[in-house]
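In what comes next, chain A is part of two complexes: it sits with chain B in the first one and with chain C in the second one.
So, the complex of A and B:
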């Protein structure tokens, strides 16, 4: 450790303030971590993406841009690309509506209940996707009370997790987990709006639902912007639920980037191809998030933020 | 006046009832999970009320008699493994966050901008790209606690929480200590750390929770059942155990309960912390 600091501070201490040596010492853990587990693997990933490495063999070939060209022909990649957008729309809308709805309700509760309710709504966020998957799996299994009930009373015999409904089951699981967490942010935004603003609005005859659309929501636009961006990013990180419940099916309808990258790299052992896929995923995330930020900024400007 | 007060009360009552109904729906899965874990095995997934209670599922997991499995204590070990990887990660994330955050806000040095850019870059970087190379890097440490721990031991999000917090503390507070002859390490430990209590608690708990619920990495780097975390063990077993779901519900309870209890114990610190999360 000491060697590093010596090397780092030698050139730096001379000129500016004498803080440099000790400051780099403070940064040593972070720098060491990001060198070994971020920048090194990042370079490695870029190199892997132009090879045909199979995760095991010591030999591999440089294949130029073949992996990237093959991405365009791969129906799994196409499914991951479109699905991430299909997930994004309902997840963002439902998280936003439920987050704002819960926050508005909680903000109107008596003071004594407020803190309690906010914490209780937050609890699903702490739950591992594995435990929710366990519940959902058994809830829809052939012998569960629900399946038996539907079979006996409605003559419905559906394998829900391999039906069209599976996409929506996953969406509901994710929204259930996240909505209360986002509500906490919105709530803290709402609490930050001063009473004066509402009183001024009241004098102008702004009440009820108009109060919501003309005062509350515009006043918390910065919070909404963060929540929408976070929820959008979320739809690119879905893994546990499709991995455990649907395997990406039926017919790739619920598959995600993370699942396909994992499968390509570690079940089909095409590590080079998997790396190329991950880079394509990153590009899509970057473009989509930029687009959403740009849209939200326009909206923010409209409200004078 | 009196009439108006009554009106307000009525709307408050309605809002309270509606909120509690939504809350009940949102927490129903926990009720269901806990209930199923305490039912006798022939009742699991067939009852919504606790008609009879049994500890069979917990005895199966924790009593050292997991019938038919290679290791009767595997579930206990998995639970311990989860703590072994989550606690150090949370502690180190707090320490690194504290140091890096302090340096980024209350110290002047060459290369500060560079480090800040690097932090920003990582904050928004999709780590899925690093999965394969990190796996290659760590493969010599497969099925080893160190291999599970190292790649996830620092939380960039945690560093930003400290940066956002330290930004709100005026430099004067630390300058005064410096004039009294305190070194930066003394300032960090004796002045900065105590003042960050609520942030440190939030970072600790959130990192603990994220690490506890990690699936992909632990699954890849520690496939041996002796090293599996509880999260991984449930995910590898529940598809095969669909005929005896009871223990899987009990395992899910063991997986969710520690995190929820920890958060509930410290929930009073959240109000302050939430303001630093969105900056």
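So, the complex of A and C:
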């Protein structure tokens, strides 16, 4: 008996090993991809961050942690740190609210129109940041129809892209671009909620807006978690819009990590320092995303996920 | 059993290797015909030809003119060590900038033997990275300098006693005036001195309301004063006028802050005298607008093509007219900033001696050989940027061109007094700091709070500028 059990268990272990081997084999492309495009660049960036290399000179120095120490004194880095959090709040809230709003609107459309409407809202995601920025620059220039109208009728002379308004212009641009994309996630979540649940809710008197708060949103919590996490991550990756429209100004009010990393590495040719910035950026992203995920997991648990 | 396990591991290993190799294969350098090319010295010079890569500025018209001269050069079948030199032209990568493209190419060993589009500041950085050849003692270089009569010009290009760049074009930066506004103000001469400028400013102050009704709401346009990140804008709005006031004293020399504080104060004071009539709202294509809302702006020669395309006519009786930087006394030299770029030869393990020599043969072909009588006029026609030549105003080759292009004729008179940018490793940091700590705060806080000719105290901003440049460049 024991012998049989022993043989069976050996057989299982062997099968397990065999299965593990095949799993590894199928994972090889991803592992290789990660090695080449994630871990090697990460290791390279870590090494670069402790040097003063400009990527061109055959000579460079090992500067230990000097680059990281200098980050704390750099007002541009401080601005990027706080600005990424300033961007995060409105971008996450607006992307969530608009994403849910668009998804609800589309979900109520006749089946034939749903696909078309979803694609229409998705199109801004496909437009490049460069072309959008050109349009926005034109819209808010001194001699645009909007500026001329405000000057002539309200005596308002707003220097849109070099005033406090520029931050909100960038936020609106990013939300406009991404809300339709996130709406697709939410839409697929909404479509996955069974009609039975709504019918059961209706029997208990859950209708109208209460249906949204007590059935729809709790039922799509995993989707909402994804949307919020992705939108939060987005706040740390903003580049094209401030690069083309504001240069990070006025007084660093719209600067971002990506813009400062680019300026340090490729405009001022301090690639080592730029790499240190990139690592600090990664640490901030990791901490913030962990915090958001922890909060959302709590919410998920509350709703039984 | 053992054998089977070994086989299994071997197969997995081979598959893994194949997958990784396939992925990495995409990272190789590929030629036009799709054949993978090793970037070693031997391959590029094999088969009886020496392939020489030339990178042009990221502009279509630059690619076009260099391709046409490369075709002529290739057709001439110039030989070196019994092999034919073949010049391959392509645009330099410009995402996110051409400098970053070259930086990346050097780091990855894909840099060409030769390229254009390099200014003195970047040449200094490349030189300090040991990425350029010093050409000052080469006979062919001396021949080119003599042929183009640029002995004096080359003094401004010197970096630590050596030469690395053959300057190709120059955009001297002065001012541009709205001819219609000048006419409305009764001004018939383009301002040359500060007295002329002050007269013009006072006339504008007196007649500002009338001009405003015609859409001229401000005296000067300079939205870029607020943009500190684009440090190169300081070359145009601060350094050019500073060069005139300081009589050519460099902001930085070697590791010393040599800026003439009085001259810098005068530049800030000039903008201060205009006050809230400096227009800082952004306008794309200022001089192409139906109504230009200012009397003057910074004179950027590359606007000429767009102005012609927009149907604008040049001249004091036309739509716009260029003027020099302002000087204090009549007869003073109108020193200005030379937005100038040229050709360099790269030094890199990936570039063989034969490729380097091949690149030199091409330079000889263009500047002292078959192309010497046609290249500059072809260049001017293609790019509307003034070639760096000492005989620009006297050479008959350009007479008919300038006859048809009076804007460029006027700009060409500023070339002799144009000074290239500083050669300091931290040049970008220094000028960025000038913008961040002094110019942008000055334009944000002071200018909007004062009117024309109120002449505010600018000394604190000048002190900030001096301190910022010193700190950013770790200067003495």
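Here is the rule we use: the second predicted complex is superposed on the first by the 263 of 305 C-alpha atoms of A that agree within 3 Å, B and C clash if a C-alpha of one lies under 4 Å from a C-alpha of the other, contacts with A are read in each partner's own complex, and residues count from 1 in each chain.
Going forward, contacts are C-beta pairs under 8 Å (C-beta built on N, C-alpha and C of every residue); 3 or more make two chains touch, one makes a residue touch a chain.
Because the structure is a prediction, the values reported are computed rather than measured.
J.: Tell me which of chain B and chain C touches more residues of chain A.
T.: Partner touching more chain A residues in the overlay: B.
J.: Check whether A:54 is in contact with chain B, with chain C, with both or with neither, and answer first, second, both or neither.
T.: A:54: touches chain C, not chain B.
J.: Let me test your reading of the model: by the given contact rule, A:278 touches which partner, first (chain B), second (chain C), both or neither?
T.: In the superposition, A:278 contacts chain B only.
J.: Just chain B (first), just chain C (second), both, or neither: which does A:266 touch?
T.: After superposition on chain A, A:266 lies in contact with both partners, chain B and chain C.
J.: Could you tell me if A:137 is touching chain B, chain C, both of them or neither one (first, second, both, neither)?
T.: both
J.: Touch test for A:29: chain B only (first), chain C only (second), both, or neither?
T.: So A:29 meets both chain B and chain C here.
J.: Go through the superposed model and pick first if A:249 touches only chain B, second if only chain C, both, or neither.
T.: In the superposition, A:249 touches chain C alone.
J.: Considering only touches as defined above, state whether A:126 meets chain B (first), chain C (second), both or neither.
T.: Touch partner of A:126: chain B, not chain C.
J.: Mind working out whether A:99 is in touch with chain B, chain C, both or neither, as first, second, both or neither?
T.: neither
J.: Could you pull out which residues of chain A sit against chain B in one structure and against chain C in the other?
T.: 24, 29, 33, 36, 55, 137-138, 141, 143, 243, 262, 265-266, 271
J.: Using the touch definition up top, name the residues of chain B that touch chain A in the complex.
T.: 11-12, 15-16, 18-19, 22-23, 26-27, 29-30, 32-33, 36, 45-48, 92, 95-96, 99-100, 102-103, 107-112, 115, 118-119, 122, 124-126, 128-137, 150-151, 153-154, 159, 183-184, 188, 209, 212-213, 215-216, 220, 231, 234-235, 238-239, 242, 245, 248-249, 251-252, 255-256, 259-260, 263-264, 267-268, 270-271, 274-275, 277-278
J.: In their complex, what parts of chain C are in touch with chain A?
T.: Residues in contact with chain A: 8, 12, 15-16, 19-20, 23-24, 96-97, 99-100, 103-104, 106-107, 125-126, 128-131, 223, 226-231, 279-284, 289, 293, 426, 428-429, 432, 440-441, 444.
J.: What residues on chain A touch chain C, complex-wise?
T.: Checking each residue of chain A against chain C gives 21, 24-25, 28-29, 32-33, 35-36, 54-59, 137-138, 140-143, 147, 157, 159-162, 243, 246-251, 255, 259, 262-263, 265-269, 271.
J.: Where on chain A is chain B touching in the complex?
T.: Within the complex, chain A contacts chain B at residues 12, 15-17, 19-20, 22-24, 26-27, 29-31, 33-34, 36-38, 40-42, 44-45, 48, 55, 102, 105-106, 108-110, 113, 115, 117, 119-124, 126-135, 137-139, 141, 143-145, 148, 176, 179-180, 184-185, 188, 222-223, 226, 236-237, 239-240, 243-244, 257-258, 261-262, 265-266, 271, 274-275, 278-279, 281-282, 285, 289.
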